[in-house]
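Below you'll find the structures, each written out as C-alpha cells.
Two complexes are shown next, each including subunit A; its partner changes from subunit B in the first to subunit C in the second.
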Partner chain A sequence: MTASLRQAGQFLLAVLLVGLAWQLVSGLGLVKVYVLPPPLDVLRAFADNRPTITHHALVTLWTSLAGLALGTVLAALAALGMAYSGLLHRAFRPLVVMLSACPIIGVIPILVVAFGDGYGPRVAVAAVASFIVTALYLVNGLSRTDALADELMHSLNASAWQRLRMVQSFSAVPYLMAALKLSVSTCVIQAIVAEWISGTSGLGYLVQFAGYSFRIDVMWAAVLTAVVITLGLLGILALVESLVFPWAVAEGRSL
Partner chain B sequence: MSNTLEETLETAAARSGQAAISARHVGVTYQRRGQVTEAVQDTSFELPNGSWMSLLGPSGCGKSTLLRVLADIVRPTEGAVLLSGRTPAQARAERAFALVSQQAAMLPWRRLRENVGLGLEVAGTDKRERERRVEEVIDLVGLTGFERAYPHELSGGMKQRAAIARALTLRPNLLLMDEPFGALDELTRERLNFEVLRILEETGAALVLVTHSISEAVILSDTVAVMSSRPGRIFHTETIPFGRMRSSAMRDDPRFARIEGVLRHKLMDEAS
Partner chain C sequence: MRTLRLAGLVWPPLAIVAAVVLGWHLLVVGLDVSPFVAPTPGQVAAAVGDNLPVIVDNTWTTLAEAGLGLLMGNVAAVLVAVLFCYVRRLRELFFPMLLALQAVPIIAVAPILILWLGPGLMSKAVLGAFITFPITLVSLAKGFESCPREVTELLYSLKASKRQEILLALAPSALPMFMAALKLGASTAVLAALAAEYVGAQHGLGFLIQDAQTRLEVPLMWGVVLVVMAVGVLAYALFAALERALPAETTTAARAR
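For the complex of A and B:
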C-alpha cells in the first residue's frame, strides 16, 4: 500500500514537472502561443467549455466502448473458430494479419457512403482495430495451453468441451486482458480519427472544429480529455482484472 | 485388425487374471527427424493388486515413458499392457487409475478445493457427493483449512499434497506417480513419502512410482525395478522385505541400508 502510494506520488510529481516545464516554455514565449498554449490557458479552456467538452467526450467514450465491445465479441468468435479448426486457422489468420496492415482510415469516406455519417462508420473503425489485436492474441491464448494441464485433462478423460470450459477459456484470460489493454487506446484513437474525418460530434470533431476557429487552447483541452478517457478505461480494466482474476495478476501471468 | 488385437488382449487378460498391471514385451520407439530412439525395450512385469512398485533409474532411462504407457499417454510400439484386465485406454475411460505428475499441475484459477474436485467434476459426480469426497481427501492429506486458497498461495509441498488428494478423489485402484516429489526439498519429500504410505495403506491402492531417489524407492515399494538407460529396460528387480509395517523407523533398520547399497551398486555398475 505504501509502495503504491509512493508510486502515485512520484507520478504526480512527474506530471507537475512536465506541466511546469510546459508553462515555462510557452509562458516565456519560446514557442508561439498558437502552437502550444500554456497549460493554465488549457485548464481555463476546460473550465469555460465544460458542457461542450463533456458532451463530445461522452460521444467519443460511447463510440470507443461500442467498438471495443463489438470487436472483442467478434474476435472471440473468430479465435474460437481458428483455435478449433486448422482449416479456419490457415485460411483466416493471414487475412487478419492483412487487415492489420490495412489503413482503415483511408476507407472511412466509403464507409460513410455505405452507412451514413452517423455512429456506424466510427464504431466500425474502432471495432476493426480491437478485433485485429484481440483475435490474434486470443488464438495464441486458446492454442497455447500448459502441457501439464493438457496431460491432466487427458488422464481425467475430459471431453473437448470440458477442456475448453475448464482450462482453455481460463488460460486465455491473461491474453484477453493484454489484448484489451492494447485495444482500449487504439479504439479511442481510431474513434477520434474517424470523428475527425467524418463526424459531426465527438472529440475528433471538436479538435478539428477548434483548430479551424483558432481555439488552440480548446483543441489541447480536447486532446487531454482523450488521454484522460484512455487512462480511465485502462484503470478500470486493471481494477476488474485484480477483482475478477486475482490469480492471473498473482501468477504474473498478466502479459 | 483392431478386432484381432482386442482378442489377443482379452486372452492375455484371461491369462494374467486380474493383476493391477500386466506388461508384456513393451517397447517404445520414437522417430524424430529420421532419428530412431528406443526409449523402452522388451519390458515385462506384473504388479499384483494393492502392491507397490518403483521404477528406479537415471534420467532419460525411459522410466517416465513406461509410466506414460500405463497412463495411456504414450502408445507402445511393441507389446501390450493390461490394467486389471483392461487396455490403458479402457482403464482411462473408466478412470480406474490416477496420475500424479512431477509438477503438481494445479490450475491457477481454481481454489484448492476446486482443484482437488476437478476429477470428480469432469466425471460428472453430483455436487453434494463431490463436496463430501473433496473434504474427505483434503483431510486425508492434511490440508484442512486451506480449501479456499489459490495455488499461488500454497507451498510446493502443499500443491503436491493437493495433487495427491485430487488423484484420490476418484478412488482409483492404481496410482501412477511420476517423480511426484522431485521438486521438493529433502525433508518435505521424506515426510510426504510416509504420508503416501499411510494413504496407500488406508485406500488399498496399487502404486507405480517413477523416481531417481533410492531411499524413496525403498520406502514406497514392495518391489524396486531398476532400469538401464538407452534402451530402457528393467535389468534388476529387488524385493523389499518390510511388508506393511512401515514407519520412519525403517530407515534405521540395517536391512534398509543394505538394500540401498545393493541398489546403488546396480545403478553405478550400469552407468559405468
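For the complex of A and C:
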C-alpha cells in the first residue's frame, strides 16, 4: 500500500514538473501561444467550455464503453470456441494475429458510406479493436491452467463445463483484466479517430472543430479530457480488480 | 515432411479467408446490394488493378511517414533509456508517467501536430514517433531490468564502466523485448500515419481513401483499405522475420512470453 502511495506521489510530482516546464516555456513566450498555449490557459478554456466539453466527452465515453462491451463479449465467445476446438484455433488464431497488425480505423470511411455517420460505425471499430486484444489474451488464459488442478479435474471425471467453471475461468481472469486494460485505451483511440472522420459529436470532433476555428486552447482541453477519461477508466478497472479478483492482481503484473 | 506440416498450418486460415471472400461475393450478388454500399470482390480487384500506379505511389508516402516515425520514436527511446541507466532518479520519477503515456490516446494530438507542422510528411512522422516512443522506452526499461543480478554484480566487481555494463549486459538482455516493441511499433506507426492522413494530407493511403470516398468510387475505397491493412500486416511481419533471424538464444525469452 505504501509502495503504491509512493508511486502515486511520484506520478503526481512528474506531472507537476512537466506542467511547470510547459507553463514556463509557453508562459515566457518561448513558443507562440497558438502553437502551445500555457496549461493555465488550457484549464481556463476547460472551465469556460465545460458544458460543451462534457457533452462531447460523454459521447466519446459511451462510444468507447459500448465498443469495449461488445468486443469483449464477442472475444469471450471466440476464445471459448478456440479453446475447445483445435481446428478453430488453428484456423482463426493466425487471422486474429494478422488483424491485430491491421490499422482497423482504415475501414471507418467504408462503414460511413455503407451505414451513415451515426454511432454504429464508431462502436463497430472500437468493438473490433477490443475484440482482437481480448480474444488473443483469453485464448492464452483459458489454456494456461494449473497442471495439478487439471489432473484433479481429469481424475474426478469433470465435464467440460465444470472444468471451465472451476479451473479455466480462474486462470483466464488475470488475462481478461490485462486485456481490458489494453482495450480501454484502444477503444478510446478508435472512437476518437472515428469521430474525426464522421459525425458531429465526440472529443475527436471537438478537437477537429476547435482546430478549424483556431481555438488551440480548446483543442488541448479536449485532448487532455480524452487522457483523463482513459486514465479514469483504467483506475476504475484497477480498483475493480483489486476488490473482486485480488488474487489476480499479482499474477496479472507478470503478464 | 516439413512442407506437409506447413500445409497443415496454412490451410485452415486460408480456408476461412476463401470462405469470407466467397460469402462476401454471394451476399452482395444475392441480396443485390447497391455497389455504393458494398462492391463485389471482383469489382474491388478491378479497381485496384486500374489504379495501381496511384496506389503504389501513395503507399510509398504512407510507408515513408510510418518508417520515419518509427525511426525517430525508437532512436529517442533508446537515448532516453540509456539516460535512465545513468540517472536512476529520472527513471524513478518519470517511469510511472511513461506507463500512463502508453495507455493515453496520444493520437488525439494529430490535428494539433498538423496545425504546427503542416499537412506534409513531418506531422505524420512526429505523430508516429510520439506513439512508438513510449512503447519502446517501456520495453527497454523492463528489458534492462530483466538482466540477471549475478551478471550486473559480476560486472560491478570487475569494475566495468557504465558503458560496458550497458553494452555487455543490459542491451543483450533487453533485445527480445526491444524486438517485440519494434514489431508492435511498426504496425502502430502505420496506424498513426493513416490516422493523421485522415485529419489532413495531400498524399498517402489515408488521403486516397478519403479522396475515393468523396468521389464515391466505392470499389477503389475498399481496395485501398485492403492495401492499408496489408501494409500494416507486412510491417509487422517484417520485424517478426527480423526477430526470427536473430540467434535463437536472444529471442527465446520473448517467444516464451
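A few comments on the model shown:
Keep in mind that, in the parts below, the second predicted complex is superposed on the first by the 242 of 255 C-alpha atoms of A that agree within 3 Å, B and C clash if a C-alpha of one lies under 4 Å from a C-alpha of the other, contacts with A are read in each partner's own complex, and residues count from 1 in each chain.
As a working rule, a residue touches a chain if its C-beta (ideal position, glycine included) is under 8 Å from a C-beta of that chain, and two chains touch if they have at least 3 such contacts.
On a predicted model such as this, the values are computed, not experimentally measured, just so you know.
Once chain A of one complex is fitted onto chain A of the other, the partner contacts of A:A248 are limited to subunit B, with no touch recorded for subunit C.
Of the two partner chains placed by superposition, A:L65 touches none, neither subunit B nor subunit C. By the touch criterion defined above, A:A45 reaches neither subunit B nor subunit C.
Of the two partner chains, subunit B is the only one touched by A:L156; subunit C is not.
Set against each other, subunit B and subunit C touch different numbers of residues in subunit A, with C touching more. Applying the stated contact rule after C-alpha superposition, one finds that A:A76 touches neither subunit B nor subunit C.
Once the two complexes are overlaid on the shared chain, A:V173 sits against subunit B while remaining clear of subunit C. In the superposition on chain A, contact is made by A:L87 with subunit C only, not with subunit B. Common to the subunit B and subunit C interfaces on subunit A is no residue. If you check the complex, the residues on subunit C that touch subunit A are 8-9, 12-13, 15-17, 36-38, 92-94, 96-97, 100, 102-105, 107-112, 114-116, 187, 190-191, 194-195, 198-199, 205-206, 209-210, 213, 216, 218, 221-222, 225, 228-229, 232-233, 235-237.
Within the complex formed with subunit A, the residues of subunit B that make contact are 71-73, 92-93, 95, 98-99, 101, 103, 105, 107-109, 118-119, 121-123, 150-153.
The touching residues of subunit A, when paired with subunit B in their complex, are 146, 148-149, 151-158, 162, 166-167, 170, 173, 245-248, 250-251, 253. Subunit A makes touch with subunit C in their complex at residues 7, 10-11, 13-15, 17-18, 35, 87, 90-92, 94-95, 98, 100-103, 105-110, 112-114, 181, 184-185, 188-189, 192-193, 196-197, 203-204, 207-208, 211, 216, 219-220, 222-223, 226-227, 230-231, 234.
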